[in-house]
Structure formats: structure tokens, C-alpha cells
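See structure below.
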Amino acid sequence: MLEYLFLPLSLIFVLSFFDVQKSKKYLPIISSLVLVPTFMLLFTPDRHYWHDRLMIDDLNKFVLLVCAIVGIAVTLALESLRHHVKISPRHYRRFYRFFALFWIGMILSVTANSMGIFWVGLELATLSTVYMIKTNTTPFAHKEAWNYMIVGTIAISLILFGIILIYASAKPSLGEEAMLFTALKSHISRIHSAYLFEIGFAFVAVGSFIKMGFFPMNLWLANIERAAYYPVAALFSGLLESAIVTGLFRFSSLAKELNQSHLIGFTYIYALLTLFVVAFLIYRVKDFMRLFSLSGIEHMVLMLIFWVSGGYFAALLHFAAHAFLKPALFISTGVLESRGKYHIAGALKGYKGFKGRLFQILVALFMLAIISLPPSPMFFSELFGFSAMIDLAKGSHHLLLMLFGILTILILLSIIFYKFVDVYQTMRYEGEERSKRVYASEVGALVLLALATLALLGSFDFIEKIGG
Amino acid sequence: MIYTLIHIAVMVILAPLFLSLIKAIKMWLLFKKPLPLLQGYNDLAKLLRKEVIISQEASQITRIAPYLVLAPLLTALLFMPPVTKGEWYIGFVDAFTLTGLLALSTFFLMLIGLDSASAFGGIGSSREAFISALVEPGMILVIFALSLIAKNLGIAEAAIHLNTHFPTHHLASYTFAAIAFFILILAENGRIPIDNPETHLELTMVHEAMVLDLSGWYLALVEAASAIKYMIFATLFVSFFSPFGIGAPFLIALAIYLAKIAFLSLIIALIEVNTAKLRLFKVPNLLGIAIIFAFLSLISYYMLGA
Amino acid sequence: MFTFDPFALLFLFFLLLGVLPNLFYAYGYLDHIQRKWHFWIHYVAFVLSMGGVVVSYTPLSFLFFWEIMSLSSWQLILTDPKEESTQKAARFYFFMTHFGFVFLLLFFLLVSNGSLTLSFDKLHAIAQNFAYPSLLFFLLILGFLSKAGVVPLHVWLPYAHPAAPSAVSALMSGVMLKIALYGFMRMLLEVLYPWPLEWGILILVLGALSSLIGVLYALAEHDIKALLANHSIENIGIILLGIGMGMIFLALKLPMLATFAFLAALYHIFNHMSFKSLLFLSAGSVLHQTHTKNIERYGGLIKSMPLTAWSFLLAALSISALPPTNGFLSEWMIFQSLLGSSSIANMALKISLPFAVFALALTGGLAIACFVKAFGITFLGLHRSANAKHATEVNAFMRTGMLLMGAVVVGLMLFAPWFLRRFDAALASFGLPSISQKILFSWSIHSLTHNGGVVSPLFLLAMLIFFSAGLVLLAKRLRIRKRIFHTWACGYRTTPRTQYSATGFAGPIRRFFEWLYRPDVHFHKKTLAGHTTKFSTALYDVHIRPLFERSLYDGTKKLLNRLSYFIYRFAHFEQNRYAAIIFNLTLSVLFGYRIVAHQFSWATFALEAIILAFTIKILVIGEKR
Amino acid sequence: MTNLFIGLFLSTLITALLTTRLYRLFLWYGLNSIFLGLAALEQYKLLDDKALLISALLTLLLKGLLLPYLFKLFALKFHTERNIPPKIRLQYAILLIPAILVFTFYLINPILHLPGKNYISLSIASLFLSLVLIIEHKAIFAKVIGFLMMENALFLLGMTATEGMPMLIELGIFFDLLMAVVVINLLFEVEHA
């Protein structure tokens, strides 16, 4: 079944060599074909493929499903890209080509059981995004594409470095099996040199953190998402980050088995630092793109600490909710910023007609949902995530320290909350009313993502099962 | 029961007398020809005869408020300590209710001041609001201290108790309470140095400014109210701070009681003659002294042996 | 998940009393609202979520409804978002509620051991085993009392409540604040008991502070709705005095007195809901007709809007705690429980309690002054502006709303014993002893101590009516003639401009408390020919900002701005130095792992710091050009 | 012998750090890769692992010869500036490079007693050194070379620490490397278009 996942994507890849203008109506349909094998995978039991190098387990199924929905939404939204930005047909075709490659890399790394395959998929996805960023022809985008190329590859190399170290630490006892997540997980106690493993984990973590834009690289990611066209940012937040987070989830559960206190200490300190910086950066932000990408970083941090604190359900729910909400917001920036980058005031005013009204309501709801106001799934995920953290704190020897940390996180989150409320009110109630055009494809994408978010509320049991 | 009713009637009837008494003593001390002691009754009688003129700007409030100025005070009279022991009386009403009733009366008085759109009514109300806001805590604290000393929260009960168990152990706090209460009498009844009831300069007056637009029957009501208010305070003072003579038969006790009030009026008159009116923003200093003494009374009661 | 125990039912009843008249009023108010659907959706959500909070019996559902409550009330404030100040208020409000929510969340997480679906009755055991119970209490205070508007977390309240449509202001001030207190009481009595004495004293002090500061700032306010909002702070303080006394008594193992104090607090909760709602409703009617919130532009409205005026007067009497209204009764009970201190053995506590009595009494005095001002300036005298001149009585729905709320006020007064029995039964479900047999005799309320006072609202009312009726009859008998004519007014002509203004009315008190208010006074006058005392026009303008706004809030904001600026600068490295940052990052992480994971020593730690400082200097910062 | 090649590998890397000319940098990169390949061949002889042989040969051919040549072609094609002065002062670099080596040994100290673990420290050191290479140059080509050097460090680690990675992974890495080159080419092209 896994093979069929690649089929629609390869089709897009092939089609991209022909005239996209004609075939672009079919592209969303083709990409939604991905759903078929994804859904079928959902009901197959856990399976391993290709000598255990790829596998399908509950986590993978879930992530694949989320990614598929986001991917379809982005293809839908891509249809109206031409209306918002100037883009030549050649570049448009290339964009689709790399988009397909990107998705393939994504699926590879999500379904990987071998750390190596995980890395290969990630690298593929990363390199193909470089070109997607470059589709924008401004000098700024060009510079950022190079930045992405350099920094992204450094980050990826660090991840590989870590993977090799982990492999090296486990190989004496596990042999070639040491490359597989499953084998590592079940034989973690047999690792001789825990220190080497931890150094390896540190490398992997640092690499992933850079990739996700954690401190001190938070500006980098925001700049890139600013430079690229908005669907790229949507893909970034919805898919690429998802893949990295999934990988990090797997690595951190290994590290947790080995030495929990080190892992907790490391991630908490890192998360606090990142949140501290990100919260204040958000506080000063002046355009939508940066606002959303910085808040993306914030949510990655939250997911990660939820996961390492043992709130698997919360982390996954948060992950899925973020994967739906953030691309939706990024897609809508195309319209929101149609009056220019720095026009937050009145950005959510002046929508006429059914499509416009729908768009307005949806974006307003997304804005409120992303700051985890009920009944957004994020409300529940944060609640459960923090409860996991408290649970952890209560069992630790540093209760007051941990509580202080958690309180700090909560207060930093409320700074972000304030900024979002501020932006929400500014875009809704201030500024002049100027008419803006909304296209069916964008609204379609938003509706799809909104429905997916709603569906999350009904699938708590399912997600809980994965976490357990 | 019947004695209590007589007592209340006496208080209502004799109320204007004592205000006139103060005035007469003052005039006598200033080498003027003292006014007759029945002057208060004459004034009231004259007012009752007169026609009521209601300001064009005034609303229903002017027609209703004078009744509500007087009625709470009459109600408060019901709760006064009795003149003789062993008599039926309402003993359970405490300081908070009493001050509440007084405040209700003041509330409507202040509304009258604002009702007629005259600047002077506003001045009066504003100043009255200021002073009575500061008086209220002092009042409650004093009565609280007294009820602690007398070991009963009910006003009348406390007075009776003070008679039977004179607080020889708590004389300090008893004295403090007396001083504080005395200042409050001056403040609440608009006596010098807080307010000058005989002033003719509008800018310096408080109480009179509020009722400037009233006439006839309504003015009579308000004037009666201020007389009764004085009576209430005087009764409270004498029955708390000189709780003697209530063991006597009713008529003698009543006579002693009236003599005590006359004595109190004399003291007030002496003070009025010998002090100048305070500027409005100096008034809080005096009230502050009252509040501090009330606090001292409470605290010394606790500290010196409860 | 949900509970319908007596305490929850009591507050559902409370909600019903608060919302039903409000619904009529809101319906009548609707023609003033442009976004009608928006309003109704959020209004209904607001009411339902308050009900949800009340019946919630797990942390999860409680927090869920709590946030919905905040969310919908925030949107309700934004019903008419045109004004800048409304938006600012909404933003401030929403942030503050979220700020409180943070602490609430932390509290619930700590007492539920992380499993949010635990029912409340299981939380007590966990809270008992927690090592730092005072921490829980502080979280509780910050969480609930920031929502209830207790000093110093009150600053948002006078901004937020007035910004909403009046029906919503009434709901927010009258009902929502009490929902926060409901949560506070439930958590205290169900989860955190038993507590040390100091907690009670803390609550008492907070209550005393809030009541004084609330009323002082209300006095200085010219915006009628902000004035009322400030009074909410005051009344929350009074309620807290009751709760604090109850806590002190429970800590001292005097459960009967504690029940009495809690009864007083609950009764005041109900009373404040009734009269504050009525005040907001009638103030809303005035606003509806005159289109201004500025009290200086009203005047004489009692003639054109009699029903509104009389209901405002009723509520004003009640909030000023004048006998025999319901507000008086509950304050009397709180006063009685403060006086119950004579049976306390703890000397320090005993000596400090008079201060609470003092606060309560001074608050009462100032409240009277404030409502004389509010009622007098708004409804009496002459019209101070054209807006006031053209005001007429509001429509039937709004009148019905006010009448119903007035009926609630009167009902709470007349049927006080009945209500107190219900409160007693609700408190009994927390294991507090029932005292209704001891304090309620027919229609009077007795203080618990044997030598305490008694109050009977019916008796007082009857006496007042008796005497007034007697005087009226006397007037009839004397055949008093009345004539409506110019009165003397010291020889001046009375015009709207000769009247006393609200600013002037509060002048003496404002001057007395100037050290506290620290007002911004603007005094512009055009002097004539250099004379300082002769002028053609003069404008005297006083602005008073809430206490702690400058120090606590503006200070925090300034700090945030500065901090964020530095971080912004700090985060904007030159972009081609990413690699250098990564280098240092990797270095520090590896170093950290090496030290922590293998052998920890402060010396190596210091060494690491030095080396990192060097590499950062060389690689990231570089040399100054 | 492995020791020698690895030593030479490291010295070419350090020399590359101090280079100021672009083509010279390509040369050092080529030599670096060739020494790496030779070391891998030595390892192959020691372990007799077919996969190692293939990757050693690929390294020699692809990285040692093809890539430097390709880059030179690119540089000619896009008329790149050939003078690339390092941004970090020599005085600092002299301190920094030994410090990095010391640090990596300190880092690996707890497990140094295990066989072959000093190679781990060497490869971490070369990772850091190639990062320094990226840091100290502004020119894109130099940065790309730094990135490729990093790739070499990775290979060194994989080869020595784990006695050879699984074949599939090695191939994947090479594939990605090629992909990277394609993308780099595209980037340049678009820039000049």
C-alpha cells in the first residue's frame, strides 16, 4: 500500500514537465488521490517494508494523514497563486516539480524506520524547498534561498552526524540493526556507550532545532518564510516541520529511555530560551508572515516539551492542530497582504460576497484558534500538555524550579496571546475598509483545513491510542 | 413600654429646646440679649403657617426627601437607651444600623441640596458628603469600642450594662471613646468648629446651604430633623458616658437625663464661643483625631486586658 | 463532569436572577447595536458559559467554560468597536483574563496531578499532599481574583466593563465577577481546606484595600459606567471581607462564625448582582437616550425619565448600604462577623481587625457621597447639555428589564431570611454547620454572638413607612399650600452652568486624597489684562488614572518594550553570521552535555563560559569597523 | 596507514582554512577527498567490507576529481571573484584551530579508551573546522566547499566510528550530494539569468 503513496506525486512530477497551465485544474484532484492510500493505510495493521527500513505504525499513519490533508489544501491554494504574485509559467512548472519531490522526500522521512532513510528523505525535502523559495525572484528571496541552502544543509549535516554517532554507539551490540528506530527502542539498554549516544542525540537535536528555527536561529526561518511565496511557508509549517518533529519525537523517546533527566534538562532549557526570545520577537512583529512563522516556532517548542514531558497525546494533538491551522493562516496571508506587507490595520475588512464573508470568518476563527482559545483543539492540547509537564515536575527533585519554568512558559505564552489579540483587533476593527478579492481555491483550502481541525476535536480517542 | 413611649415623646418634643438653649447660652456669654428658650418652637410654628414655595427647577425629590430626612431619625429614636432600668426598650439595634439610619437621612438631605440646581445647594451637599464620609468610620468605631467595653453590641443594652458594670478597668479606652464621640457630635450636628449653624455667609456654611431652597413645611421638617439628630447624639452621649441615675424612678431619672443633656449643651456652647470655625480642609484633621481616638480606644481595650 | 449540588444550584439560581431581567433589557437595547447577530451569539454563549462554569465538576470542563466566558465577553465588549478606547479596553481585558487563566490553569494542574478529568471531590487529597499549599493559594488568588478585579489586579475593570453595551456591562459587573468568586469559594471550601490563619488575613487585607480603593476611584470618575465599574471593585472588596472573616474563623475552629461570615459574603454576592445590574441598566438607559457617558452632560433626567431615575435611586440606596435595603443587610452581616472578632484569642489579629471595620465604615461613607453625586448630577437639577434635554423614557422592554431587576432588589430585601436559608443549605454541603436555626427568627436576622445585634428589614421598613406616612398625613391635615416659583438661590439666576458639577462635588474628597489620586490637572484660562483673578474663559479638567496603573502596568509595559527591543536587536545578527551562530550553538550544547553528563564541576563550567564568550566575540560579533 | 591518511586529511582541511585563492581551495578540497578515499580504502582492506570499497571509490572519483573540476567550471562560467580573503584574522585562527582540536578530545575523553574513538574526536574537529571555513568566507563558492568538507567529515565519522555505514545510506547520501550540486547550479543560473 505504501508504494501507492508515491504514485500521485510522481504523476505531478511528470506532469510538471508539460504545460501546467492546462493541467493545473487536475493537480488538486491528483494530489487528493494521496488520500486514498493514506486512508487505506489507516486501516492496515502495523507493517514493515523493505527490510524494516520503512514502516507504518500508528504515529506514521497519523502524520501521513495530516500531511496529506495539508498537501491537498496547499495544492488547492496554489491554483490562485498567479492572482496574488507574478510568476512565469516556467517557474510555475518547476515549482510543481520540486513540490512533488518535496512531498516524496517528506513521505520517505515520515515512514522511515531506518535513521538513514529518515535523513535522506529530509535532505531531499530540504533541497527541493531551496528551489521553491527561489521561485520568488526578488533579491531578498535570492539571498534567503542561499541562506536556506547553507544553513539548511549545515543543519541536516549535523543531524546526520548525530545519526552516525548514535549508530556508532549501538552498532557493537546491535550490528546493522542499530540503524533502525524499532531495534534501538527495544534494545536501548544494551547500548554500551550511553555518552556517545547522548552526544549523537545532542547533534540531532541541534540540527533539528536549527531547522525548526529555535533559538538562536529564530530570525532565519522567519526571514525565509517572509522571502518565499506564501504557499511555501504553508508547506514549511505544515509538512517539513512535521517531518522533523516526527523524527525528533522518535529520537527523543530513545533518549528518554536512556537518560530522562538529561533530556528534560536539555529540552526545557532550550525551550525556555527559545520561547523567551520568540515571545519578545512576536511582541514587536509588524507583518503577518513573520508573526505566523515566529508563532510556528513557538508551537514547535510546545510540541517538543509536551512530548518529552510524556504528554504524547497533547503533543500529537498540538502537532495536528498546528499543522492544520498554520498553513491555513499562511495561505490566507496571500489575501491579507494584498495591500502590502505592513498593512495589518484593516486587513480583515472589506470582504464582500459569500466567498469574502466566509474567508473573513474563517481567518478570524483561525486567528483565535491558534492562540488556543476554546473550542480549538489547541486549547485541549495545551491543557493536556501542561498537565503532563506538571505531572513530570511533581515527580522530579526540582519541583519548584520546574514549576517556575512552567510558569515562565505560560507567561511568555500570554505575551504572545496579547500580541495575537492585538493583531486580531487591529486587522478587524482598525484601518480603512478597502475591497479585496478572494478566490475560490483559497477559500476551498481554508474550508478543508477548518473541517480537518474540527475533525480533530472528534478524534481524541484515536490520537490517544497513538500516544499510548 | 409606656415609659419608653413617654421618653421618645419627650425627646421629640424637647429637641428644639436644647438647640435654643445652646444658642441662648452663647448669646448670653457674648453679652447679647439671650433669645427665649422657646424660640425653636416659635420658628417651627411660623414655618408651619407659611406657604411652601418649591423651586421651578426642583423635581419630585424635593417633595419626598424632607420626609425621608426626618423619618429615619424618628426611627432611630426608637432604639435609644432608656432613661430608667427595667423598662421595656428595643435593645438589639447596633451601631451599624444606627449610623445607617443617620446616613439615610443625610443622603436625602444631600439630594435636596442638588435638586434645585442652585450652586449653593451643591456646595452644601458636597461638603456634607465629605464630612459625613469621614464621620461614619469614626462613629462606627466608637460605638464598636463602647459595645466591647459594655460587652454588648446592642446600643441600649450596652448603655444599661455600663450602668451596672462601670468600666473601671477600661477607663483609658472609655475616655478615648468619649473624646472621639464628642468630636463626632460636633461634626454631625454642624456645630462650630466644623460648621456654623448661624452663619449668614453662604460660602462657609454646610448644613444651611443645602436647605437654602426649602421653605415652609419642608423646611420645618428638616429643621426638626436637625434638632432630633442633636437629641439622638446627646442621648447617646449621656447614656454612654454618664450612665448614672437610671436606677432611679422614672420621673427622677427623666429629670436627671434632661439635666445631663442641658449640661452637655452648655459644654457645646462654651466650646462654640471659644473656638473659631475651621477651614473646610482643616476639618479632616479634627475628624482624624476622632478616628484615632476611636482606634486608640479599641486597641487600648484589647491591650489593657480583655 | 457536571454537578448539581446545592452550591452549584444556588449559583444557577443566581444566574437566573441576573440574566432574566437582563434579557428583556438587552432585547430593548438592540436598536442601538449594529451587529445584532454578533451580539446575540456572544450574549447567549456568554450566559451559557457562565452556567457551564457553575455546574462544572472537573478542571477540564471548568477551564473550558471559563475560557469561553472570557472569549465571549471579550467579543461582547467589541460589539461596537469603533472607538479607539473600546478596542484598547477589550485588548486589556482579554489579556488580563488570560493572565488570570494562566494561574488558574497552573492551580488546577497542580491539584489534579495532571489528570484534568478528575472530579473536584478527588482534588482535596492531592492538594493536601502537595508540598507547598501556600503556592496553591497564591495561584488561586491570582487566578480568580484577577478576574474578580481585586486590587492591585483591578486596573482593567474600569476600562473594560463600561466599554461593553450596558446590558453586557450589567452582566459582567453583576454576574461574571461573582462567577469568579464562586470558583474561588468552591476551590477553597472543596479543595484547599483546611488553611492556616494567614490566608484569611491576606484575603481580609485584600478585601479592605479593594473596597477603599474602589470607592475612592469611583468618586473621582466622571464616566458614569466607569464609576459603576469602580464600585464593583469596592463591592468585591466587601465580599472578600466576608470571605476572609469566614476563612479566619474556620482556621480558628469557629465554624459557626465562619458560616455566618460566608453567609454574609454570599448574601452580598447576590445583593451586589441585583443592585449593580440595576444601576448599569438604568445608567444604560440614560446612555441610550443621551448618547454620552460623561456624567457632566446629564442633569434633570428625573423629569423626563422617571422610571429610570427611581430605579437608579433604589439601587443607589442599596449599594450605599442604607437601611433597610438588601445592601444594608448584607453589609450589616459582614459587619457583625467582623465584630465577632471579640471571641478571637489571637491578639495581633484582634488588634488588626478594627482596621477592617474602619475600611468597611469609610467605604460606606464614601459610597454614599459617590451615589449622591451620581444620582444628583445625573437626575437632578437642570439639563446640562442638549443631549440631556432631548432624552425621553426608554422603550417598554428596557423598562421591563429595569422593573424586573428592581423587583429582584426588593425581593432580596423582603425575603432575606428565605435567601439566607438557601445559602445556609448550600454551605452545608461543604460540611459547614447550619446556623439558620440560630440566626433567623421569623423576619429578623440575628447576629450569632449572644450579645450581638439584630436587624429586621421589615421592621425598619415598616417604621420608616409609618413615620413618613404619619408626616404626610400631618401635612394633609395642616393643609400645606404649595407654589412653584423661583426660589431665592442667593440672588443668582439658576442656569445649567451655575449648577454644581460632578468634578466640583467630589472636589473636597479629591483634594483630601490627592496624595493617592495624583491627578493630572489641566487648568486653562484666558486671563484679562494680566490679572490673575480675572479671566474670560476657564477650563478645569481633572484626569485620574487607576491606582497602580502607572507603577504596575505602565511599568510592566515599559519593561516589556525595552526587553523586547533588546532582544530584537540581539536577535538581528548580521545574516551571514548564521554559520558562526551554529558553530557556537553546537559548541555550547556539546560542552554542556560533556559537563552535565559526565563530570560536573563549576570550574569547567566557568571555563566553558569564558571560551564561549571568546568564540562569540570572535566569530559572531566580530570586530568593530 | 589509516592514521597517516587521516592526518593528511586533517592537514589539507587546515590548509584550506588559511587559503586566500578560490582555485586553490578547490584543490585542497580535492586532495582532502582523495585522502579520505584512501583512508577508506585502508579501512576496506582492514575490514573487508564491499560497501566501503564502493564508497571509497565513489569518494575518490566523485569528490576527489569530479566535483573540484565541476566547481572550477562553474567558477569560470559565472566569472566568480577568485580572491577570497578569510574574514577571521590569522592571529585568531592560529588560536582557534588548535583550540577546536583540544576541545574535541576533551569532549570525547570519557570514551577515549574504546578502540578507534579518537577518530570520532577528529571527525568532530573537522566538522567544526569546516564550519569555520563557512564562517570565514563571504563568497558562496567557499561556503559550498565548506559544506562539502563537512560532508567529508561525516564520511570520516561513518567510516571510522561505525566501521562502515549501511550501503543504502551511503548511496542516499551521494544521491543527495548530487542533488545539492544540481540545486546549486540552478541557483547560480537563476541568479545570472
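Letters are used for the chains, namely A, B, C and D, taken in the order the chains are written, and counting of residues starts over at 1 for each.
As a convention for this text, contacts are C-beta pairs under 8 Å (C-beta built on N, C-alpha and C of every residue); 3 or more make two chains touch, one makes a residue touch a chain.
Nothing here was measured: the structure is a model prediction, and the numbers come from that model.
Asker: If you tally contacting C-beta pairs, which pair wins, A-D or C-D?
Answerer: Output for the comparison: A-D.
Asker: Between chain A and chain D, what's the gap in Å when you average each chain's C-alpha atoms?
Answerer: 31
Asker: CA centre of chain C versus CA centre of chain D: separation in Å?
Answerer: Result: the chain centres lie 68 Å from each other.
Asker: Quick check: how many Å separate the C-alpha centres of chain A and chain C?
Answerer: 43
Asker: Could you grab the centroid distance between chain B and chain D? Build each centroid from C-alpha atoms only and quote it in angstrom.
Answerer: Going by mean C-alpha positions, chain B sits 100 Å from chain D.
Asker: Which residues does chain B have that touch at least 2 chains other than itself?
Answerer: none
Asker: Pull out every residue in chain D that's touching 2 or more other chains.
Answerer: If we look for residues of chain D contacting two or more partner chains, we find 107, 110, 124, 131, 134, 143.
Asker: Give me the residues of chain C that touch two or more other chains.
Answerer: 579, 582, 586, 590, 598
Asker: Draw the chains as dots and join the ones that touch; what shape do you get: line, ring, star, complete or other?
Answerer: other
Asker: Please name which positions on chain D make contact with chain A in the complex.
Answerer: Counting only chain D, the residues touching chain A are 107, 110-111, 114, 120, 124, 127, 131, 134, 140, 143-144, 147, 150-151, 153-154, 157-158, 161-163, 165-166, 168-169, 172-173, 175-176, 179-180, 183-184, 186-187, 190-191.
Asker: Once bound in the complex, which stretches of chain A touch chain D?
Answerer: 53, 114, 116-117, 119-120, 123-124, 127-128, 130-131, 134, 137, 142, 145-146, 149-150, 153-154, 157, 160-161, 164-165, 167-168, 171, 176, 179, 193, 195-196, 199
Asker: Report the residues of chain C in contact with chain B in the complex, numbered from low to high.
Answerer: Touch list, chain C to chain B: 299-300, 302-303, 306, 317, 320-323, 328, 331-332, 335-336, 339, 342, 347, 350-351, 354, 357-358, 360-362, 364-366, 368-369, 371-373, 375-377, 379-382, 446-447, 449, 451-455, 460, 463-464, 467-468, 471-472, 475, 478, 480-490, 492, 494, 496, 498-500, 504-509, 511-512.
Asker: Can you check the complex and tell me which residues of chain C touch chain A?
Answerer: Residues 60, 63-64, 67-68, 71, 74, 78, 81-82, 87, 90-91, 94-95, 98-99, 102, 105-106, 109-110, 112-116, 131-132, 135, 560, 563-565, 567-568, 570-573, 575, 578-579, 581-582, 585-586, 589-590, 592-593, 596-598 of chain C touch chain A in their complex.
Asker: Touching chain C in the complex: which residues of chain D?
Answerer: Counting only chain D, the residues touching chain C are 87-88, 92, 96, 99, 103, 106-107, 109-110, 124, 128, 131-132, 134-135, 138, 143, 146.
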